[in-house]
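In the two assemblies presented below, subunit A is common to both, partnered first by subunit B and then by subunit C.
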Partner chain A sequence: MSKYIGRKLLQFLIIMVITSVIIFIMVRLSKTDPLTAIVGGKQTSAETLEQLKIKFGLDKTFVQQYFSWIGGLFRGELGMSFKYQISINELFADRFPITIGLVLLSTIIALVIAIPSGVLAAVKKNRAADRIISIISVFLAGCPPFFMSLLFILFIARYLPSYQFTGGYSNFREYFLRILAPSIALAFTMIALACRITRASMIEQLNAQYTQTAVSKGVTERQLVWGHNFRNAVIPVLSVVSVQIGGMIAGSVLVENVFSLSGLGTLLIDSIKTSDYVVVQDITMLMVLIFMVISTLVDILYALIDPRIRAN
Partner chain B sequence: MKKDKTVNYGKFFTAPVIISLAVLIIIIGSVIFADLIAPYDPNALDMKNMLKDPSSLHWLGTDKVGRDIFSRLLFGGRTSLLSALGVVGISVIIGVPVGLLSGYYGGKLDTLLMRICDIIVSFPALLLAFVFVAAFGRSLTNAILALGIVYIPMLAKLTRSLMLIEKNKTYVEAAHSIGYSNRRIIFLEIFPNCISTILVQLTLDIGYAVLDMAAMSFLGLGVQPPTSDWGFMLEENRAFLTTHPLTAIVPGLVIILIVVALNIFTDGVQAYLDPSQRALPSVTKFKRKLGITRD
Partner chain C sequence: MKIKKLVALILACALILSFSAIGSVSASEAGSSDTLTWVLIGDITGLDPTQSYDDITNMVTNQLYQGILTYDTSVDSNLTPDIAESWEIVDELTYVYNIKPDILFSDGAPMTMEDILWNLDRQMDPANASLVGWMFDCVESIEQTGDWQFTVKLSYPDATFQYVLGTSAGYIMEKAPWEADGTVIASGPYAMESRVTGSNIILKKNEYYANADNVYFDRIVFNVIGEDTTRVEALSTGQADFATNPPFDMLEQLKADPNVAVTMFDTFGVDFVAMNTQRAPFDDVNVRRAVASAIDVNTIYDSLLVDICGPSSGLPFNASLYASIGDPAEWAAYADAYKEYTYDVEQAKAYLAESAYPDGFTCSLVVPESSVLNSEALFIQATLAEIGINVEINKIPQNDVYAIQMGTTWDAENDCRDFDMGFFTWYADFPDAAGTLIPNYLSSNAAPGGCNVSGYSNERVDELLMDQTTKTTAADRMPLCMEALDIIGEEVPVVIIDYPRQGALQNISLSEVPLNASYMWNLSAAGMMRN
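Presenting the complex of A and B:
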């Protein structure tokens, strides 16, 4: 087991190093000169330009810049924003909880809805409940999160005018209310996918021979479905969910933009448009990191649940 | 993935397939013949008729600068569908050969190609496309290229897994013993046996490419004005969502319609191609047909 975990962690490290290089190179390939982004169209003397160059570390070579960026990340210093000219840590402080909250809450909402309905559809295979759930999930799979968000905003404006979804937050209640509607809008795609895979995986287990043995032993249906079948059916569900969390992270960028939430997603798109390189690098790196941590954890979790995976 | 949705006797044209095919033909047909169908120039400004509600003149109303929404929907659909085809095209041109070679030769080549795929996959979905566009500039071509790259690993891994199954079959051994070259075996012997599964996946991918392109354009990272697509129409009109909801809802609904239709259609094709999912025809009907009255 420890060998398996060690191999997974090594893979994780290698991928993080390579992605950081790719992100750095890609962002620096941009045609806009970083200095133009810093100055922002104002008239500046050659001396000020020179000072700015030193201040933002642009006088160093590419390789040095890369290592100072990575070194900073390890010390928890994210660097300076070109556009706002303040530390990126400060920029992230308010925005990070929004994005991470959005991804977590929508994952929870999605699983709470998708798993029971997927199991229900499998148990009632080809009956009315199954048909209805299948039709709904086909439709939800085709709904883009940004469009669902627009519909949500329309709904809120029409029927819940007192519900405030934009602006900052000062306490947990406000924070929760800000991310609640966007999280629901973001959850739909995962609901559809997780529901479909839960159903397919459960059907396989319900047809397995051990199920017949359990039935003949007199195991209650509840015990059989949740205690026996679901435990065996959960692995494919986990793997789809962990991949789909990547979709959620990218989706949060869209949903934040529609709801005008000041999270990392809105900042990312703004920074791409204004060539605020370091911010783009940091946010991308952070999102890749979160995604990779989750998928590595899920990989390890599989091995804990299913000893067969460890062997391979 | 979806088994036993409807009882399947091996017929291709089931009700869901017919309906989804009809929807696809109507949408694709009207987009192709946009020049003939569209009542107005999609980019013609008409300041006297800003934000008009639907009428006999403007079937779906007009937007903030008086452009006819129905006409824009048709021409925008061209951009949306063509760019989705472009995305899928790129992923096919690179992904399929990568998968075939990787699966056939195995070894170091396989490890190298699959590690590259792993790295692309380590970026959460659209994020790599965002960074790509940040690097090479915001334009439709770059968005198509970026999404094309994002789509490669999925297709490459699918093709590879098909290759791994096929390459151990007897006909491949026979081809080896006749002395066919590897190239001939890969592309002329094995590849044709993988095509049907790959095509099914591609139909699905076109739907997702429409969604993802819409997302890119919606964020302003895809098409640049004056060109427009369905995603950009959503973005243009979202400011008028509460006052003129139709302007933003219509392009969104068309996106959903085409993606759902493609999904249902591929479900149907998959069920048709997989005989193991078919139900056996009713025995009584069979007996009646043959005139057997008693057991």
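Presenting the complex of A and C:
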């Protein structure tokens, strides 16, 4: 087992290094000159442009810039933003709570709605409840978060004008209220996905032989569904949801923008627009890291559960 | 069983908090009598005066800082003393500033001459890469010449230097806190309370501000709202009080909103189509004349720009800058008679026939990603097709347009900017026409880092433009500028499309805010109040 874990960790490291090189190169493929973005089309001088280059290390070779960035990451220094001219660690500290809150709350909302609905749809397969849930699920899957967010804003502005959809927060209650509506908008797609997977997985369990045995032994329907079938059915749902969480960070970009929330998503988009290289590199690496950590942990967990994986 | 209880608990908490959200009163203080909520369309770059050079950042820094000078809110944007008590142009190379001796920073510390000279040195020190450092290019020395006086000596005459200390280049902050840990302590009407990047900036009233009685709000909350719909709804519901940069495609909706007042005002800006005079085919003056004659500027204006721009007179600056370089009435008369290539397809064809490309050619037109500009580009594409010029529209991000304008993207083969034709905008930094003429038409500004986007070069124009900067009176500068404009008009490196206007949106609960073209330097919350 330790050999297997060692191999997985080595793979993890190699992929992270290769990805960091790819990200570093791709960010620099943008035609937008970061100095132009800093000056913003206003009058300047060649001397100022030169000094800005030195200030942000853009006068160094690509290789020097890469090792300077990677070295900083290992020391926990994320670098300096061209646009804000402050440490990216500070930017991340400001932005992280919003993105994490959005992703976690929308995941909770999605699971709380999707799992019972999926189970109900499976238990009531091909009956009215199943059909209604399926239709709603298809509708939710077709609702882009950006569009839903705009509808939410218009709805709130008209019918709940006292609900704060702009501005910051100063305590947990305000924080929760600020991320509640955007989390609901962000949760829609995951609700649809998790509901459909739960339904399919539950149907499989309901048709399994052990279910017939349990019924014949007189187990109540409630005990059977929640005590036996659901426990087996939930594993693939959680696998898919855990991978989706990484995607949600990217998906939160548009929701953050509409609700004027300052998360990592908006920071990423702003930084791409202004060729704020190091910020783009850091956020992209963070996303890759989250994907890789989840994926590696899942691989290790599978190996712990299933000896055949270890053997192979 | 434990899992079920946990799920039930989470559900219950979520429901309670959801209902409390719906029933709650706004968490922000927007609309309250002592807090002004001001919407920004993007985040600020920072609070350091050396980086305070855009119309988002300056909305915040204008509240924190006092400048040596400032601009009043009259149509002419007259220079007035702020930290200075008085100032004088002794001769074309010598400017003397007398400072008020009793100014206090927001921490109660007195402002000293050391603070003032240190701030000016910071702006001029290349190591700080100040975005307004170029404004000091003509400065030879700045020295203290009295207890509360300093003198600026120029190395060559530059009439526009008088305006420099009315911009962020003249902002003064306290030296010690900045040097200790980068804290900004200044003497403006408000002081920094907190900031969350990308989200909000909160300022509190500066009790030590000299004119504190004129400051009616105890706090300002700047909220960053990039999305147009959200910004408009925030103003409409009263979650925000004030904003600039209205979304033009929502202007009609905003004007119809009873909760929002829309004010449009002139800027020092000009929108134009530039032709790259440094490479074929636009190095041929007759091609440029043909293009200028084929573009129906009036129809473009009437169809697309009436609400958001002023109509073109053909001059590269609008009427708000006439007074800076002479008698406005004389300038108005000059503008009426100015050589303008009015729409005339037959004349355009005649010019093209005289050029090296009588059968026409294909070229590209660079357009920033904007719906209005895209419509203008399509219009120009259609009209130029009538004379045999095939235009390929190339939509690019605004930052890439800036790169062309500043010459940071370069055509190495032809040693010039890499474009044929393009839409560009220029805003003069000062209420002075030279702030448009010199950057856009002086040949030395065609080099990388300069903003002479068309690469225009004419020795006589260079001579006239440099000569007018040596004059300290507007009347002396007027004939020189007019002669330069005569030549530029004949050689037509650019086609002036319009003069962009700026807009302010305010919730009707707010009293009228005085606005003029110097808003980037003088838009202040001091004086703003609720009705």
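Here is the rule we use: the second predicted complex is superposed on the first by the 261 of 312 C-alpha atoms of A that agree within 3 Å, B and C clash if a C-alpha of one lies under 4 Å from a C-alpha of the other, contacts with A are read in each partner's own complex, and residues count from 1 in each chain.
One rule holds for everything that comes next: a residue touches a chain if its C-beta (ideal position, glycine included) is under 8 Å from a C-beta of that chain, and two chains touch if they have at least 3 such contacts.
As the structure is a prediction and not an experimental result, all values here were calculated from the model.
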| item | value |
| --- | --- |
| A:83 touches, of subunit B and subunit C: first, second, both or neither? | second |
| Touching partner for A:108 - first (subunit B), second (subunit C), both, neither | second |
| Touching partner for A:119 - first (subunit B), second (subunit C), both, neither | neither |
| Partner, of subunit C and subunit B, that touches more residues belonging to subunit A | C |
| Touching partner for A:273 - first (subunit B), second (subunit C), both, neither | both |
| Touched partner set for A:169, first subunit B, second subunit C, both or neither | second |
| Touching partner for A:257 - first (subunit B), second (subunit C), both, neither | both |
| Partner chain(s) touched by A:151 [first = subunit B, second = subunit C, both, neither] | first |
| Partner chain in contact with A:91 - subunit B first, subunit C second, else both or neither | second |
| Which superposed partner A:31 touches (first subunit B, second subunit C, both, neither) | both |
| Subunit B and subunit C contact sites that coincide on subunit A, given as residue numbers | 31, 150, 153-154, 157, 257-258, 273, 275 |
| Of all residues in subunit B, those that touch subunit A in their complex | 1-5, 7, 118-119, 122-127, 130-138, 207, 211, 214-215, 218-221, 234, 238, 241-242, 245, 248-249, 252, 255-257, 259-260, 263-264, 267 |
| Sites on subunit A touched by subunit B in the complex | 15, 18-19, 22-23, 26-27, 29-31, 125-126, 134, 138-139, 141-144, 146-147, 150-151, 153-154, 157-158, 196-197, 200, 203, 245-251, 253-254, 257-258, 268-269, 272-273, 275, 280, 284, 287-288, 291-292 |
| Parts of subunit C lying in touch with subunit A, wherever the complex brings them together | 4, 7, 10-11, 14, 17-18, 20-22, 24-28, 30, 37, 39, 42-43, 45-46, 48, 51, 53-54, 126-131, 133-134, 137, 196-200, 202, 221, 223-227, 229-231, 233-234, 236-240, 397-403, 405-406, 408-409, 425, 427, 429, 439, 447-449, 451 |
| Footprint of subunit C on subunit A - complex, ascending | 31-33, 35-49, 51-52, 54-55, 83-86, 90-91, 94-95, 98, 108-109, 112, 150, 153-154, 156-157, 160-170, 173-174, 176-178, 180-181, 226, 257-262, 266-267, 270, 273-275 |
